[in-house]
Amino acid sequence: MTEKVGEHVMTMSTLETQVASQARPPDAWRHLSVSETSRVAVLIALLIAGQAITPSFLSLANIHVILLAVAAIGIMAYGMTLVVITGEIDLSIAGIAILSCIAGGLMIPTGSAALVIGTTLLTGLAIGLINGILVAALGIPSLITTLGMLGISRALANIFSGGQALYPEPIAAYLWLGRGDLVGIPLPVVLLVVLGAAAIALTKYSIFGRALYATGGNVKAAALSGINVVGVRAVVFAISGACAALAGMLESARLSYINPAGFEGMELSVLAVTVLGGASLSGGSGSITGTVVAALIIGIVNNLLNQLGVSIYLQQVVTAAVILAVVMPGMWQRGIAK
Amino acid sequence: MSAPLLEVKSIRKTYPGVIALSDVTFDLKAGEVHAVVGENGAGKSTLLSVMNGLVAPDSGEIRIDGQPVVLNDPTVALANRLALVHQELVLCPNLSVAENIFLGREPAGRLGKTRAMLNRMAKDLLDQIHVNLDPSRAVGELSLNEQQIVEICRALACRPRVLVFDEPTASLNDDQVVHLLAVIRKLKANGLGIVYVSHRLSEVMQISDRVTVLRDGSVVATRDMAGLNEAALVALMVGREHKPGQSAYKERRCGDVALETKAIGKAGVFDDISLQVRTGEIVGIAGLLGCQREAVVRAIFGDQSIDRGEIRVQGRKVQLRSPRDAIAFGIGFMPADRKREGLILPMSVGDNIAMTILRRLGRLGFMKRRQRNATANSLVRTLAIKTNGLSQLASQLSGGNQQKIVIGKWIARGGDIVIAEDPTRGVDVGAKFEIWRTIQDLAEQGKAILLLTTELQEMMDACDRILVMSRGRVTGHFHRKDFSAEAIAHCFVA
Amino acid sequence: MTVLEFSTPRVAPFLLGLLRDPIIWLILLIFAVGTLTSEYYFTALNIENLMRSIAVIGLLSLGMTVVLLTGRIDLSVAALMIFSVIVGVVVMTEIGPMLGSRWLVRGNTYAGPIVPVILIALATGIAVGALNGIGVAYFKVASFIMTLVSLTALRGFNYVLTNGHPYYLKAPFYSWIGDSKMVGIPISFVIFLLVLLALMGFIHGTMRGGRFYAIGGNEKAALYAGIKTQRYVVLAYAISGLCAAIAGIIFTARLKSVDAPLAAGYELTAIAIAVIGGSALAGGVGSPWRTLLGSVAFAAGLNLLAIWGVGTWYQNLAIGVVLIISVGLSQMSRKKTQA
Amino acid sequence: MLKLSRRHLLKTAATLTVLAAAPLAIARAAAEESVHSVINALIKKYSDEARAGMSNGDVSALFEKDGFRDYLDAYPVGDLAGGFVWKPGMGASFVGPYSKLQIKSPFTDYLPLTEGPVLDHSKKYRIGLVFHGFNHPWLISLADTAAWEAARHPNIELEVIDAEFDDNKMGQVIDTWIAKQYDGIVLWPNREAPMGPPVDRAIAAGIPVVSLDRRTSSEQISSEVLGNFYANGLQQGLYLKHAAPEGNIIFNRKDLGSTADSIRTGAFLEAIGNTPGYKVLANYHTNSQRTLAFKSTADAMQAFHDISVSFNTGGEEAMGALDAIREANRLNSAPGGKKIMILANDDAREVLKEIRSGNIEMVSPYTPLIGDIGIRAVVMHIGAKAGLNEAPPKLIMTPNLPMITKEKMNIEGIETLTPDEWPYAYGPEVAG
């Protein structure tokens, strides 16, 4: 008896842990992989369906269109994913994007591309850092901090710009960010890919990545292990702010138009991409690859629906259904969902 | 003769590829304490879950008063007057003691009257077990110990006939254990049947009438406690002869003072604490709950601030503003609450072990994965951590193995000073021994160790010196040759 | 013999606790400053306006409070508030022709019976709320995601169902809800107070209501205590949905029309108010009564700025700053009491 | 059936509206063929034709689907107040108090009010202007003109509030002004339905209310200053017919149900409804957002390879569409290697720049510079209340404006203007 079961002893104790704490995800990695699979399956199904519906769907041009459409939301979602991994949330990204672009835009009369782009990115970084400090050092819940910051930054964008749109037309380098290309690949797509790779490296292979997941997984234990949890959270918010500023700049550059009323509701779209990508809002899980797949799913769905001429209002309904369909199976067996 | 109060008959429960319980049978009479013991992984938790209706067995049945019952939900178990006192404290911190006790069983009362009525009923219940605790206090403000009492009262509130205790003393100190056992005896005298599950064999010996030993999901034996000694019990549990000499204490030569506090104090918490730990020395701080020894070690680890006095590491005065500072000075801390403070459960074994040495494993910010794996693997081997591999999640390991990871990550860090808080809490007999041996090994390698345990005997087994604290002050100081439970206990209340 | 002796507690009487509450002082301060700085502030008309705006956002926040108590969130309230009324009208305009009556006249003015519209709206609110709850409790979708999905879908449906047209609702009974007063108090505020009282009675007066606190405090404990936590979660969302529907009825009764894009972003206001009122996002802390205070403070503050003629940008700036500071201060005081 | 009833009743409403405007007709200036009357005649012509039936099935289907007839019939078309005749070049120049931009405002001589104190010189008149979007160039210009007019009169105190596209908030702002006993209220309502009740409350409280550009559902409102949505859509259609007898059209429209969408798109469809060569390829609602217009056009570029016309309900949309077409490198991808024709509304400076460079084919001006009319109208109502002067008419039509094209043309009697002949453009100057 002992010999027979012996080799299972370890697994059994594993099971006991699970049973005893029934309310915890019993086997997190397994379910993670379920939703990972369902995500990829949905993506592949969409690609097949898309090609079946419109023959030009997988053409290089359309792929460019899809990637360009998701570039800004994807870059914002990278930042958001990092924030969500630490168990926090950033609702201020749309506000940061617009305030940063306005701040940068106010530099247009100087004619210096470095000043315009630098101001934009630094403003994003700085507001993100303020978020991070309020959340990590002062312990204000991130939902509230960033909700407040969303209102503040939108208001400041209006106040600074006097509500007027700004036109970055004279700054060639700025426009190049949104409209230029590198060896035939549009620059926003290049940035999407490069930053995606960097974010994957950061989350999966860097020591900061370990600190990131540790902070999200158990902030007390991480702190007692000597991880600078305040710093980690401040940094992810700063990154998220910078990503938001960059994404905002790409959009503004593509349209050559900095709109102080822009990016309305973007925070929720980005959040939708992030959770669709498998990041749990309770922290400690999520991956950039998941986020990338999710951004592609949303981009393809919208592209297809637009090509089919489906109204934007029905598109909202369909997008909601897609999110639910992908997210639900992965959650099915979790104990308590909050 | 009437049927036993509770019969568990041929329970079998399998999970894919694993037999968790096979043919488990035992019974419980009214007015009896029946202990269930076994190593971690023996199937105790599954059995408790089956009895509580959280898990449905594949086959077998449970009878209460001779009547078969299907416990498919915790409520059904309660309806059959079988109540479970959970090992983990599952209480609502935002509710009062009374509200917690009667949660889910509130008497229907008119508007406004419910609260007063609940408080009165709770008071009655607390009086029954001779505990004086204000029922209107919020549970979040209570100490662990007080919360444990609430947990027990909650089980009692449904007027159970069968009461199942799952490791009820895990967070209690010796003194409180004595009182808890007194409460249990009282319940037993009232005619309750009690199933008692605990790793603390000394308690089991004291309180139980019969004992059922589980090993690998099967019942090894059910015996009367009379005439059974601890060694025999351990032998049944582990399936081999096992020497209970847990101490593994070896005489060592102590070196220079590695850690010293000079009259440190924190207003309203502790004051005038001076202690020294030499290299190679194990110093224990003993005391009852509320003596603030936890606050002292947390202050030494920089997790709490001090207002007075100074801390010296290797003779140098240091300012510790955060655990990071303490770690930089070579201090390591193994917290008692593994799940909440020790481990990052959703991360892998390898990541958890590497948590304290991330910076060292980095090259240009990237993780030197091979080096991390080498370090972690060697620790898994030396500490005999049972795991599928470094990528297994910490949450999937048993308590003993989790504790070994907590120890391992500080070994990996390699600091000179180690603070160990209750390193064997909730750990089974086999692992307990290994953990004590590891701690002795650490001391032998020249580390200075500051030790806190809830069981005085364990502390006396392991330490070179013991400081006793009471109400935030040091009230006694003993060298190993002077160790005496009575003398130390005397200082507890000094 | 007493086996264990524990320390005695601190008792804080209700009134004293109330006075210690910064939000009360904040409200009094706003009223005092308002009265001193503007002759129009403490006038019957302005107080009525204030009550009317409290009624809608207060109802949304009440529902939000119940959901927050369970440790969850409901982002769908604002979309649902419009959706429920739209469903009421659209269903009735479809039923009308079946009964041989023309209930849609003069363009898009609804001329049919209004009570069924209200009943259908309430039922829709409860049903969609319950669906959110079922998704969260039984299908284990994180509440943020579930209700974000509802928000998106409902906003889409609002356009799809109305085809972008407004519906005019001009029945006398409807105007009564939107515009009438009872002893000087707007009916909409009376309705809000009734809902508040009913909720307080339920939450503080019955054992079932108290379970929201248990679930928010420690869901596992509630589960182990034999409470069917999932049902209570569904109940909480259904209550939130019902509050949203009532808010929708009041809201559209004031505007005498319903229109797809109305009330965009009000869900965030509802969250802000519940939190300013002291609800914890983690659950288990908060109460309808405190949410009332939160909504009074919020609406009175904005009203004061409006009376002063402060521009919207600066109002938004103020909301953001006040939100962060108020939560930050309560966070710090909580830390202090813990230490 | 439902449609029929709706149509019937809207028609009644329209008749009433025309009746209200009738007295003006008496004072109409000698039948000089002003742009205004030329366009009104064309509106009537195409409207009657469309009502008789549309031979183009594609256009007719879209027209029916979104119920344009109901909206068009209710939208007033009429003559200008006081026999005013507008000619290009009229109006005053000043720097906008909000935008700080140089503005030439076209209608400052319409219902004129002399500079200096108004009405009872000893009294201060408090007027509120509530609108949506201090962060929209079009709306800022609207506020600019209102503030300019108010500033010309020392005893007018103007408060300008942004309701941020929240109709409920706008209602609350009006309620606050009722509580503060303002003398007059001017508003730019986003959507008709929700703004009726607050306006009625203000009127009931004795406060004159004037709406600008868009309508409210209030029947008691003092005056409505109405723009020329109808002229916009119609001219887009006329231009298209003039430029090409056939074409495959994609639509970027404003949000469903908004007056701007229903009248402009409706009038456009009326104009082309009896030309068989036009095909509706795709129809997007992009809610006045440039980004959405960009995305939908980018996707349409992939879905269809034979797009020849991009119809845009607004200037924002046109700019988004242009950027998407340019990014796809498809400026000249219409069948036969022709240019994709972009039709726009709203005479923003950035749009005019694209007209000059030939990227946008035509724009139908829709000037925001009408806030001054609103202030003057409300002041006249305040005066009329006190018996100081006559009340202005209830319906104050703004002059129809001719379309702007790169080269001068004459399309069905409408003299088009070139960008250089158009000093009234609004919004920031765009370099390049």
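In order of appearance the chains are A, B, C and D, and numbering begins at 1 in each one.
The rule we apply is simple: a contact is a pair of C-beta atoms (placed from the backbone, for glycine too) under 8 Å apart; a residue touches a chain by one contact, two chains touch by 3 or more.
Bear in mind the structure is a predicted one, so any value in this text is a computation, not a measurement.
By the document's definition of touch, common neighbours of chain A and chain D comprise C. Using the average of C-alpha coordinates as each chain's centre, D ends up farthest from chain B.
Mean C-alpha position of chain C lies 37 Å from that of chain D.
With each centre defined as the average position of its C-alpha atoms, the distance from chain B to chain C rounds to 44 Å. Chain centres here are Cα means. That of chain A falls 30 Å from that of chain C.
Each chain gets one centre point, the mean of its Cα atoms, and the points for chain A and chain B are 41 Å apart. The multi-chain contact residues of chain A, meaning those touching 2 or more other chains, are 158, 311, 313.
Among all residues of chain D, those that touch two or more other chains are 134, 256. Shared contact sites, meaning residues of chain B that touch two or more other chains, are absent.
Chain pairs recorded as touching, per the definition above, are A-B, A-C, A-D, B-C, C-D. Residues 73-75, 78, 84, 86, 90-95, 99-100, 103-109, 111-112, 114, 129-134, 136-137, 142, 145-146, 149, 154, 176, 179, 182-183 of chain B are the ones that touch chain C when the two sit in their complex. Those residues of chain A whose C-beta lies close enough to touch chain C in the complex are 23, 89, 91, 134, 138-141, 143-145, 147-152, 154-156, 158-159, 268, 271-272, 275, 280-282, 311, 313-317, 319-321, 323-324, 327-328, 331-338.
Of all residues in chain A, only 54, 56-57, 59, 61-62, 65, 68-69, 157-158, 161-167, 169-170, 179, 186, 251, 254-257, 259-262, 264, 302-303, 306-309, 311-313 touch chain D in the complex they form. Residues of chain C that touch chain A in their complex: 71-72, 75, 135-137, 139-146, 148-153, 155-160, 219-220, 223, 229, 268, 271-272, 275, 281, 283, 313-314, 316-317, 319-321, 323-324, 327-328, 331-332, 335. For chain B in complex with chain A, the touching residues are 15, 17-20, 40-41, 43-46, 48-49, 54-55, 87-88, 215-218, 239, 301, 303, 322-324, 327-328, 333, 335, 340-347, 351, 354-356, 358-359, 361-362, 365-367, 369, 386-388, 393, 395-398, 401, 409, 413.
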